[in-house]
Structure formats: structure tokens, C-alpha cells
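These are the structures, in C-alpha cells.
Both complexes below contain chain A, partnered by chain B and then by chain C.
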Partner chain A sequence: MAVETLPARTPVRPAPTRSGPTPRWRSKETLAAWLFILPSLIGFLVFTAGPVVAAGVISLLNWNLFSSPTFAGLKNFARLGPDPTFWSALGNTVYFTFVSVPLTILVSLALALLLNQGLRRIAVFRSLLLLPYATITVAVAFVWIWLYIPQDGLVNAVLGWFGISGPAWLISDDWAMPALIAMSVWKSFGFGMVVFLAGLQAIPQQLYEAAKVDGSSAWQTFRSVTLPMLSPSLFFVVVTSIIGSFQVFDQALIMTNGGPGSRTTTLVMYIYRTGFENYDQGYAAAQSLVLFGFIVVITAAQFVLQRRLVHYDN
Partner chain B sequence: MTRKLVVFACFVVTAVTLVPVVMMVLVAFQSDAESMAAQPSFWPGSWHPENLTRAFELVPLGRYLLNTIIFAAGTTLLETVTAALAAYAFARLDFPGRTWLFGIYLATLMIPSQVTLIPQFVLVAKLQGIDTWPGMILPHAFTALGVFLLRQFFLGIPRDYEEAARLDGANRWQAFVRVIVPLAVPAIATLAVFKFIGQWNNLLWPLVISNSDSTRTAAVGLQVFQDTNGTQWNLLLMAATITTVPLIVLFFLTQRWFVRGITMSGLGGR
Partner chain C sequence: MSPELSRRGFLKYTGLAGAAAASTGLLSACSSTPSGAATWAMWSSSPAERKVWSDFSNYVERQLQVESIPTLTPSGGYPTKLDLQLVSGTAGLVTALNGTLIPTYAARGAHRPLDDLIAADPDFDPADFYPAIQKISTFNGRTYAIGFDVAPTVLYYNKTLLAKAGIAAPSPTEPMSWETFRDLAKELTRPPDQYGFTCAPAIDDLVSWIYCAGGNVMSQDGSRSILNAPEAESAIQFVIDLFVRDKVTPPIRNLVTESSLSNFMEGNVAFMQNGPWQVVNVRKAKFDWDVIPFPAGAAGSTPRVSGSSFAIPAGVKGEKLDLAWRLLKTLTSAGALDIYAKAGRNNPARRSAGSAFKPPPDNLGVVQDILAGKVAGGHPYDVTTNWNQVRQLLGQDLPRTFLGQVAVPETLDGLTPRLDVLMKQHQDNVRQAEARKG
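Moving on, here comes the complex of A and B:
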């Protein structure tokens, strides 16, 4: 997100009711500012900034929460290398992200384009299509378990109409992850759809008229007008979706509990297990910092790409 | 595409999208035998509205819902009030250190909540806050995102409005409460709706911090439901429906703000 440059400084002037010297007024403004910020700042320091620093410290400890911690150095990070569950959790998370994000983007973009075809009742369709986004992941995860029931669950019943005999989705080595991905795309496409709709509606109509005059085909117009003009929204949705996908937890916990085997164990689930089932807080903190590292690297890479691919009309 | 085709496509896509939500409600009203039959049926053979009360009797669902409301409303209220105050100072007041302090706030935006999960848990445990309301609410009541969003909005409010109030003798606090806050109601409401829905959905934090019915939220409670009752699908999905419906109602009542909020954040890249 682009951060606006800070506004011009408030013109320094004496308070209307007082004719004190300038520095006095300024110190009063400073005091007022700190009073306004204080409630948020205390909470922020205690519950966000402090814990981030503490995560770094905890990652250097052997600690099960109950006994007193001992210093472990970088041992927790070294444990990651030979830990097959960590690598499969990382692999699963990457698999989930790199399939679900493009799919979500495609579905939301297609629906936004559809809704943007000069539809009169657009608000009704938009709200109904946004409904999955406004449901609770845990609750709808249970419905999806039911839809995925191997014998005659709705999904396999529908596949049966086309002569396909569907797999035992959530307990299948190969299909458990795609099943989670399908549910996640369903749950989250609404967000991207709304962002794209806003982006589409901000594209000046003249550009389309100009393309028409030039005799562009629908595909050419999409390539040369819609896509570049939409690229800032696209960039935003890609970045937020990837960050969100790296943190997937709820649906995997409910629908597959990480199984079969560890086929759908995601990084966050592994962090949760390590910290709150095995009480290995130091190791869990080390894992969470690695997750953070991945998010930073991927986000930074996207911002580098953004400079080449995203069109901003300033 | 012709208009009729567009409308038809919209109907089909919407219908397919809503299938899981409709199924959740339909199965919730089926009989025990029907919902657990080897061959699930989609339309209830007979309707059982008493499932509604049975779900409340099987687990303390009412208590869980009340807990969810306390948790979501508590975090939302604290977040919006403190974020609005801080955002005002960052947007409008001049003080030494403003730039770097705001920089620190911004820097934490990208940190996944899992990084702070363990230290927050340790902190709450040390303060004897496990299974208490302060322990549930406080760690999730202050985020940089709220400050960031509201500051962006406050920057867009013309300075003249506030200056006029100040010339009329209003102090900073009065200018904030009487001029800025009323103008910022849409932004504050957007933040509140986002926060409320996010926390109603929150599973991980209540899962680690609440360990009895006195603070357990509905998202966590649904899991207990599954553990204790296997696959009694009608009651499980009735509970899921009961947990989801308040959110859907809230969503429909506030969706103008919700959509505007998504749009606002979506255009943040421009």
C-alpha cells in the first residue's frame, strides 16, 4: 500500500485564547498528541511490538512453558533442516498458495467482469456472491465435509451425473488438498470480486470508446485497456491473497485435521501443534519466524515485480 | 454478450455459489436418521424445527454465542476507539517522533499473527489471564491496521472544518469529538464491521486461550460439538447455521460499509 506523504505541518500559531510564545503552544500540541496516541500505543507495545521481539527471544530457548527455559542458541532453527514434517508443511502451504491464489484471482476477475456488463441488479448479485466471504470458516467447513462425503455426497453425486466416480475427497492422499483449495476459493473469491468491480468501474469509458474506434477485438481491448488499468487492484489482491494463504489454518484443522498422514498439514497448523500440543514453544517460535521470513521475501519480490508490471496513472 | 445471456450466467453462478449455504440450512432441519443415512438426501423428507432447540440443549450454544458477542464486540470497541484517537494524532498533530513511530506501526502490518501468537499466549498465561475476558480481548484489541486505515481517511478531511471549530474556541478534544468523528463515521463503521466479522471468525486465538465454557466462542464450540457427537449432521449443521446467521444478518445490514471498506482498501494501492 502506498503511504501518502505526511501532510504539511500544522501552521504554528498561538492558541486563540492565549498569546503565549510559540514553543509553549508546540509543547502543548506534543502533549495532546501523546495523550491521543497513548491508549493505542500501550496496547500496541504490549501486545504487538513486544511479542514480536519476544518471539525472537523465545526462538532461542528450550521451553515447554512449565519448566524454566534454558538457552538453546540457534538449535531450534537447526532442527528445521532434518524435520520432515516441517518440510512437508512448508510444501503443503506452498502448494495451497500457488494453486488457490491464481484460482481465486481467476474466479473473482471473471465474476467481476460478468457483473460489470451493465447489469441493472448488480447490487443483488454482488451481495449474494459475497455471501461466502461473510460466513464463518469453521461453520462452512463442516458443510463442505458433508458435501465431500465419498458415497453420494453432493459433490460426488453431481460428478456421477457426468459418469465420473469421484474420489474419497478428504481422506485421499491426492485429493484432500485440492478439496481444501476448492472450499477456500469458494470462501474467499468475493473479496477479490469486490476489489475488481471497484477497479473496473474506475476505468474511464473513453478508453473503451477509443479501442472501439481502433477496431480492437474484445480480447485486444481486455489485454490493452482493462488489464493494465486494473493492475493496481490486481496487485493488491495478489499480495493480500498470498499473505492470507500462507496463514491458512481453520479449514485444514476442521476438514482434514492435517491428514491423511500429513498431506494437508499447513505451516500454521504445525506451529499450533508444536506450541500447544507438544509444548515446544522455542521450536514453534522458530517456525513462526521462518513463516514470517517467507512472507517478507514473497511480498518484497512482488513489490519488485510491481514496478515493472503495474500501471499507475498519476 | 447479450444482456439476457449475462443475466442467465449471473443466475447460474449465484445459484451454484449458494449451494453450500443452502445445504447447511436444509440438512439442519432433517431428522436424525435422514441426516445420518448412508445416502444423504438434499431436500428434507420431513422438517424438524425442533432441531433448533435441540442444538441449544446438546451443547451450551447460547453461552458460546454470548461469548462470541462479548469477544467480538469487546475487541471491536477497543480497537475503533483507540485507533481513532491515535489516527487523529498521526494525521493532524505535529510532535517529535511522529514519523518514526508511525513507521514502526506500519512495519508490523506484514507480520503474520502466528508470530505474536506464542509470546501473547505466554504473556497472558503469566498474567493469569487464561480463560478470562481481559486475556481473550486485550491482545486482539490493538492493531496497526486500524490506525493506518483511519489515518488515511482523516488525512482526506479538509483542515478548514477543524480550523473553524478551533477559531470558535473549541479545544483539540472538542474538535476531534464534534468535527472529525462525525465526519469519519463511515470509515470508523467500516473498520468496526471488518473487525467484528474477523473476530467472530477467529478460531486460533480463542482455541488456545479459552479452555472452559465460560469464555469458549462459537467457532471453538462447534469443534467440541463434533467431538462429542460424531457426525450427527443435522444438529451439527444446525449449530453451524445458528453461528453463521447473525454474521450474515449483520453483513446484509452493513454491506454498504463493508463493500466500501473493501473498495477503500483495494484502492489503497493506487
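Moving on, here comes the complex of A and C:
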């Protein structure tokens, strides 16, 4: 039997006519979308992109705010190399970030898992645990200063109950940074906890039921179901926490003013001092751009890793 | 191509580069002030201070017959806000300046010299101001500001505590020696309930001891650091010993909120070094107290003399300059300073307004006697054009000696080369300012 074949058809695109359909970019939906985006876009251009570009220009100048700026080329970037305070501030910031972020995530995740166990009055607990995050850092920092007082502060009093003689937290070379990290973890865990809780509650129950039928242990279920399904939330919290930690400023300024010595001087604190106390705008801008570069590289690396480690159910 | 960009050119390029120009425009639009008004900037951190500046404002309106608009900012954020106002052209006609920052602002060209205005005004008598505040308000041989307060550091003492210990009140006219002072401080120390002395673990308090020992932070021409010279080192060692070896001071709890005033106000500290600007606060003490001259070292009793002034931003010109000068004269007039002194804020910068700063305490007159050279002495606070950086560096390393973490000679050896770099930068600033002047 002969098989009838249909002649191949070349798809024909209708010839554009003046009275034809409106181009996609001029459609009402597109215009509406732009209108909705516009406020954010203007905000981004004015308050984010503009200052970044301006910082790029200023980093090439010697400028004390009042005298006419002079062109410095890349000299401000060259000053970074032999500046021990810059490297010390960068080291402190990296130390702060790579200790505080994992700790914050662990605490947030643990609390989110606990709250997800069908506790009664979960909203109350969730609100209470979110309070530190909602409180302004300045107030929290002052309270923690008093908690850390060596002679009669609450932290050392509690340690004393267990026979431990606590250090002079905020004036100790070894303990000032851990003290800042502890306060920061306490202040920040609420944000991660809420995100994780939302992620946990979005995991389909059928997956847990299937795991149960298969005889999975609690750990196996956590590792093979919870963690992969929670990975988008985890990724979001890791990225935002690392960016936030690289920008740590207020709590260090208030609690230790960067001391003792320069043990808790963070990069943003150093940038602020260079720009607004030492009036060296060009050098401060160069430091800002280097910090910006660090954050971009680390965030980009996380996005690369995301392809392997983050599981999206679609 | 010339490497120098004009300020206008720079603003043009950055404006084109991003929305910085838009934000600057917004800022200017938001903070425009009515023309013809007497606008001035001042720091203010408490309701009591706000009341004083409000009274100043009313006085200005009565005297000048124009609207007075003071912009008050908490003292911590004042310099940053002032910078932004000066750069954006929204600063007042007159701005208050702490004496330690006058060379910084003058060298950057942020404020104008006042010598031409002073010379052209027969009504203005510079001689009525104490010499110390005149020196503090001068940079590179030119007057950049007119003082409103000036005072030497003095020693506050708890009369009740001394009387309880059976110790006679120290002389209000003869400064005690450092040795006598240390012996007294030791005798009055009974830890953990009572201590002999308190001061802030920072350069601002250390300099008085350094001056009394005949030393300084930098050489007279400001070209190099002499903090490691024997005079300065011995002074620093003396104070550190009070903290670390003799332990006559309350233990340092942290370096941020450590306050000699709060230690003293608790009533269990015998002596506190501080300025008479704290008299207004110490008057709330629940014990009897007084002030005496600072203890005398090898160079006598020559503690730091600090003061604050009003200045005119460099951008004020034409008709506005005339109003600015009249406003500045009014803000520093005997009438205005009487308001300041009557409120007990601090010793006024004018001799003719001094009588308003009255006791208690009984010995308060010693402040004016020191300024007039009748009792003990004083040393205007010597600063550089980059004093923020110097203070920052010292503030970073010196506290560790107060904590006993690092020895004084080791700290000073580490600080000296870094201070020398800042002194070199200061010399460059002075040269640039000199070139602009020429």
C-alpha cells in the first residue's frame, strides 16, 4: 500500500502589515509590566547602580570632598597592597562571615525543624523567635555590651554557675570577635528560620509518606527528602547571609569600635573611616569596589554551585 | 591632559555617570532654606543642650531682626552631617566646630579665614577672647573661627570620700605633684568598692599628662611624632601604671561605653580628670565635690585646654557673608555666651562673659584663673590637619596598654613610624593649604 505523504510545508510567517498585530514590546501587558517595574528600576539606578558607577569614578581620584579632585589613576588601588589595616579588616570580615553564616544557618534550620513538628501555638513561637531579627541592631548591641560585662554581666554569671570563669569578652584579643559573632547569630537566626519554615511547609507530605513506606530512618529522610527539597531556601539564605556578613558594620562599631587593637575592625568600618573620618574619598571608593568585587565573585561561585546542589522540583 | 579636574567638571562627569546628580538635586531641593534667614549648625545631644541653643536662637532673632534657623545634630554624627551639608551647599551661614577639627576643615578649604572680616569691623574686639581659644581657632597663621567656649582639664574630687578617709581637701591654688597624687589615689583605693582615680583610656585624656611632663604627640612643627620621647613615654607609663600596676582605677569593662564620668558619679571614686564642661552633669552628684588644678608633672600643671568655635563656610559670599559675619558675632557675643554660661554648659570663650559661669562648686573660679594665667597653667590642644586619623591610630593601639595587654614601650615603638607617616601627610596638607592661600 502506498503511503501517502504530505508535502512538506514551510511555515509561513505572515507578512508584516501596518494594521497587523501590535509588536510584543508595545503590547499592553509589556507596558504594564514596565510600569510596575519602573519604581524599582528607578530606585536601583539612583541608589545602587548610580553610586557604584560614581564609586568607580571616585576611586580614580584624590578627593577630600572640598578641594578640587585630582586624577590619581589606579594609585588608590595600588595603596591597598601595602596597607596592613585593609588586609587585617578584610581578614576579620572573612573570619566573621565564615563562622557566623554557618552557625546562623544551623541555628535557623534547627529551630525551623523544631517549629515544623506540629507544635501548638506555632505562630507565637515564630513571632518570639523572630523578635531579635526585628529589633534594631543598635539597641541589641547595647544590651549585649551589658551582657558581656566581665565582672557582673549575665554571660559570665551563667558561666560561673558551671564553674567557668568567663573572659573579658569585648576587650579580649581572643574573644572579642567570637563575642560579636555570637551576638550576630542571635540577631540574625530569625530571618533564616522563617524562610526555612516556609520551605519546610511547602514540601509535599507524599514524599515523607513514601520514605516512611520505604522504611527510611529519620536521618535518611532528612538527607534524602528534606534537604534536597529545602535546598532552594538554603541557597537563598546562604547567599543573602554571606552578602550581609561581608557588610557587617553597626554591631562592631557599637560594641567594640573595632578593638581591641584592630581585632574586630571590619572592612565596611574601615571604608567608612577612610571616607568620612579621614576624608580620603578616592581610597575609600577603591576599597568599596574591592569589597564589591569580593561579594560578586563569591555570589557568582555560589550560583555556579547552585546548578549541582540546589534541587528545584520543576 | 592636565591631571587636575575642576570641581564642576568632576560633578558633571559623575552626574553623567549615574544618578548621583539626581540624588544631589533631590537633596538640594529638600534642604533649601529661606534666603535672608540666619542659618547655623550646632551639635546637640540632650534636651538641656537643645534649650540652650533655642535660647541662642531667640537671642539672635532679637539682635539681628531676622529669622534664626539652627540645625541641631547629635554630637556623634555632627561632623559627617556637616561634611555633607558643606559639599551639597546646604550648610548654614555659620557652623560650630570642635577645636580639634578646625585645622582639618581649614586645610581642606571648607571654611574661610576671618582675618579680613575682623580687620574691617571696629566693633569686634578679639582681645576679649582668651589667648588659648584664639590659638585653637587659628591655622597656618590665619583665624578660621571665633570661640564660644574654652577650658582646661581640671581634677574633680569627691570631698565626701576624702573627708571619710580623714584626708584634707587638696589646695585649690597649688597643684599637687604626681607623686602626691599617686600616693593619695593608692590610699583611697579599696577594691572592689572604692577607687582612687578615673579617666578615659584614650589620647584625649592622656595628653594632659604628656603636656605636664613636657612632652607632646608631635614635634612643634608637626613634622614627626615624639610620642616615644622620654617625656611623653614617662607620662604615658605613669598613667598606665595607675591602671595596670597600682590598680587605683575602676576595672575597664569595655572600651566603648567606658566613662570616667559615670565611674565618678557612682560616688566611690576619689579623683576624676575632666573638663569644666562636665560641671553641669556633676552637679547632679549625691555627694560633696569640687575641682582643683591638674597635678603638676616635670613641666608643671599644664593640662590640655580645649575649646569650640563658630566658623563661616568657604561657600558663603556676597550679601550672605555680611549676614554670616553679623550672625557669627552675635553667636559669640557676651550676651549669647552669658546664656551659655548661665546654663552651666562650659566656661565661655570671652573674658567679659566669664562671670556668668558661676559656682558651685566652690573652686569653679580656678578655671578662669588658669586661663588668665593666675593659677597653674594650660596648654592648647595641639592637633594636626589629619587629627581624626591620628586619634584613630592612637585609639586603636593605646587602649591595649590600659588593659595591660601590651607594654608601653612596645606600643610606642609600633606607633611611632605610623604616626610619622601621618605627620608627613599633615605637612603635605599644610603645604597644599599654603599654596591655595598664595
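Annotations for the structure displayed:
To be clear about the criterion, the second predicted complex is superposed on the first by the 266 of 314 C-alpha atoms of A that agree within 3 Å, B and C clash if a C-alpha of one lies under 4 Å from a C-alpha of the other, contacts with A are read in each partner's own complex, and residues count from 1 in each chain.
Simple rule for what comes next: a contact is a pair of C-beta atoms (placed from the backbone, for glycine too) under 8 Å apart; a residue touches a chain by one contact, two chains touch by 3 or more.
As the structure is a computational prediction, the values presented were derived from the model and not from experiment.
By the touch criterion defined above, A:A210 lies against neither chain B nor chain C after alignment on the C-alpha atoms of chain A.
When both complexes are overlaid on chain A, the residue A:R273 reaches chain C alone and has no touch with chain B. Of the two partner chains placed by the overlay, chain B and chain C both lie in contact with A:P51. By the touch criterion defined above, A:A285 reaches chain B but does not reach chain C. Judged by the touch definition given at the top, the superposed model places A:W144 against chain B, while chain C stays out of reach. In the superposed model, A:V304 lies in contact with neither chain B nor chain C. Of the two partner chains placed around the shared chain by superposition, neither chain B nor chain C is touched by A:I164. Partner contacting the larger number of chain A residues, of chain B and chain C: B.
After overlaying the two complexes on the shared chain, residue contacts for A:V194 are found with chain B alone; chain C is out of touch.
By the touch criterion stated above, A:A78 is placed in contact with neither chain B nor chain C. Where the contact sets of chain A with chain B and with chain C meet, they give residues 46-47, 49-52, 54, 58, 65, 142, 149, 151, 254, 276. The touching residues of chain A, when paired with chain C in their complex, are 45-47, 49-54, 56-58, 61, 63-71, 142, 145, 148-151, 168, 170-171, 173, 254-262, 265, 273, 276-279. The part of chain A that touches chain B in the complex is made up of residues 1-4, 6-7, 9-10, 16-17, 26, 29-30, 32-34, 36-37, 39-41, 43-44, 46-52, 54-55, 58, 65, 111, 114-115, 117-119, 125-132, 134-140, 142-144, 146-147, 149, 151-154, 186, 191, 194-195, 198-199, 202, 232-233, 235-237, 243, 246-247, 249-250, 253-254, 268, 271-272, 275-276, 281, 284-285, 288-289, 291-292, 295-296, 299, 310, 312. Contact residues on chain B toward chain A in their complex (touch as defined above): 1, 3, 6-7, 9-10, 13-14, 17-21, 23-24, 27, 38-40, 42, 78, 81-83, 85-86, 88-96, 98-99, 101, 104-106, 108, 110-123, 125, 138-144, 147-148, 152, 155, 166-167, 169, 172, 176, 197, 200-201, 203-204, 207-208, 218-219, 222-223, 226, 233, 236-237, 239-241, 243-244, 247-248, 251-252, 255, 258-259, 262-263, 265-270. Within the complex formed with chain A, the chain C residues making contact are 3-7, 10, 13-14, 17-20, 22-23, 79-80, 83, 86-87, 104, 108-110, 192, 251-257, 314, 386, 388-389, 392, 395-397, 399-400, 403, 405, 432, 436.
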